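So that you can tell them apart, the chains are marked A, B, C, D, E and F in the order they are listed, and the count of residues begins at 1 in each.
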């Protein structure tokens, strides 16, 4: 493992998903899933999100589009919340998901809109 | 059909994919696939790309990410060329496809890089 | 937007999914998802389902097969109920999902059968 | 293996894909892929296509829709040809693939239309 | 149907998923889904799992990898439990799902780890 | 980057895919795709394949199953050749792909068998 990449990843992951969420994930990890926590932090958040060349806002929009296509509702909801933190507006999220509806099909679009509304409601409630 | 939306779509489609390509597609269309040409032009290019709220450059990056996940190489190559026309740089295309590799998996990333290089070579050759 | 296509779509959507369901969807829509409601109604229900050339019963069977492959359980359940409204029998739904099991794999088939049984139970209960 | 189901499957497979094609597939099979030839013939063509409850024409349309969603161009081309043999008209194939475009996304639709046109051309050439 | 293949399949299915689970599935089956129960038992568990050439332990690991990629959480949880019965250790399950994370993408990996932990907890609770 | 993980990855990648292939990939890399070459070598081959807990033979079988499901023919052919190098026999490859046919559907199985036969032929020709 590269400690430098891991640390950069940890910082970005906390910024996007919330420090409390990330700390709880590590605290709850055991022998079984700790290696996955580490891989995700270093590889996904450090070696990818930590790169220059695209803003975090753009990376968030790409993630909303991709995770909709990949059909992973848990991850999608988390990244809708992360997108708001990265400055993507609700209007922009709508545009991303309408483009999903055209390119990945209406059911993918409908699911993504429903998940976005759930995410918005949870964010407001946590307020 | 809404003539206004169709016309806006036709204009955008020509701008992104090239007027010659689009005119050839319509000229080659027959009874079998003309309705699909019209649907694509009106809904995909008019009702989606024609919306405000995201720049064409951002829409191109979203398409690269989505079409990689959807695993459609013909369409991906076309949209790599379109992305260059919309001002996405090669460095940005690399960043999109590295993010694809992380979120959709290494094989999706490898395929997208190979297709991008084919697209670049064809664009240079066409000069 | 083409008002004619939208109106035809609205009528078909109400017939297949139930007028009450569709009216509630529009009543609950806000600035965020109203454009998606409109796109779905015009594009999916008007410009596709509104075409001649295939009966609504056949379109329902195609949807059951496709939405199983696309792995969208919320939409699948809704379209199982819609298929019953369009005259697809339970025996025919079984045949579609057995063909899904062979072509999209056993897990896709098993999931679709479970969702169909949930849909049947909800329809009976709503009676 | 059930010889009865296998024989029914072999008959249907020859009817839909052509006797010559199927005989060549078995003649070219070796120790490596003969078990797959047998599995496909018995389960896919015998235990699924051999069931009552849906006409072969309807099963062909379901296959076009599913194999488009599953993104398998070799199999799709073969089943476009099979669909013509089972009495699905070109107009009906267009309708299936436009519904694919709406539910599985524009790139899936575009790919399917291109493959259908290749299949039609090959059928005409073969006379 | 081949009674011999069905019986072999029934025995293996009970061994991997638990006799009680399988007996309940058949007892709860009705006209609608009994043919699917039979197809799954004969085709999946008899004609595939019943083959020699790979150990049940290896087949379980292949299933964990495939069902993660196919994104079917209900089936995945059942096969995590089945894998434990077939002698796959928790450490090996972790390795499979980390390989999933690399090849099918981080969201697929994260989902699979979450489902595995739910499966482990249910197994421990059931004692 | 962790030089240690990269170096371990490079060694394994050369062992599985062939030193010549890997050296050519790096030699042909330019500013556009060198970061992807490095990411793949470090994370996929170093941080995943370099882990203990599963033999390379087992990892190869998992890859055949996953890449079939993910529908990536270029990568699949490469990994069929890699599997042979890692000691997976042709009989075992057949078993993996028959399990693919059951779980991911007949078209996935048929495609994988065809690609395996192409890979075998290329390996024999290369002598």
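A few comments on the model shown:
We take it that a contact is a pair of C-beta atoms (placed from the backbone, for glycine too) under 8 Å apart; a residue touches a chain by one contact, two chains touch by 3 or more.
Since we're looking at a predicted model, the values are computed, not measured.
Shared contact partners of subunit B and subunit F, listed by label: A, C, D, E. Counting only chains that touch, the fewest steps needed to get from subunit B to subunit D is 1. Looking at C-D and C-E side by side, the one with more C-beta contacts is C-D. Taking each chain's centre as the mean of its C-alpha atoms, subunit C lies 40 Å from subunit F. In terms of their C-alpha centroids, the spacing between subunit E and subunit F amounts to 25 Å.
Subunit A and subunit C have CA centres that are 30 Å apart. Residue positions of subunit F touching 2 or more other chains: 35, 39, 43-44, 47, 51, 67, 70-71, 91, 94, 98, 102-108. If you draw each protein chain as a dot and join the dots that touch, every dot ends up joined to every other dot.
Contact residues on subunit A toward subunit D in their complex (touch as defined above): 102-108. Note for the complex: subunit B touches subunit A at residues 43-44, 47-48, 51, 53-54, 58-59, 61-63, 65-67, 69-70, 91-92, 94-96, 98-100, 102-104. For subunit D in complex with subunit F, the touching residues are 32-33, 35-36, 39-40, 43-44, 67, 70-72, 74-75. Interface residues of subunit B, counted against subunit C in their complex, comprise 1-2, 5, 35, 39, 42-43, 47, 51. Every residue of subunit A that touches subunit C in the complex is listed here, in rising order: 71, 90-91, 93-94, 97-98, 101, 105-111, 113-114, 116-117, 120.
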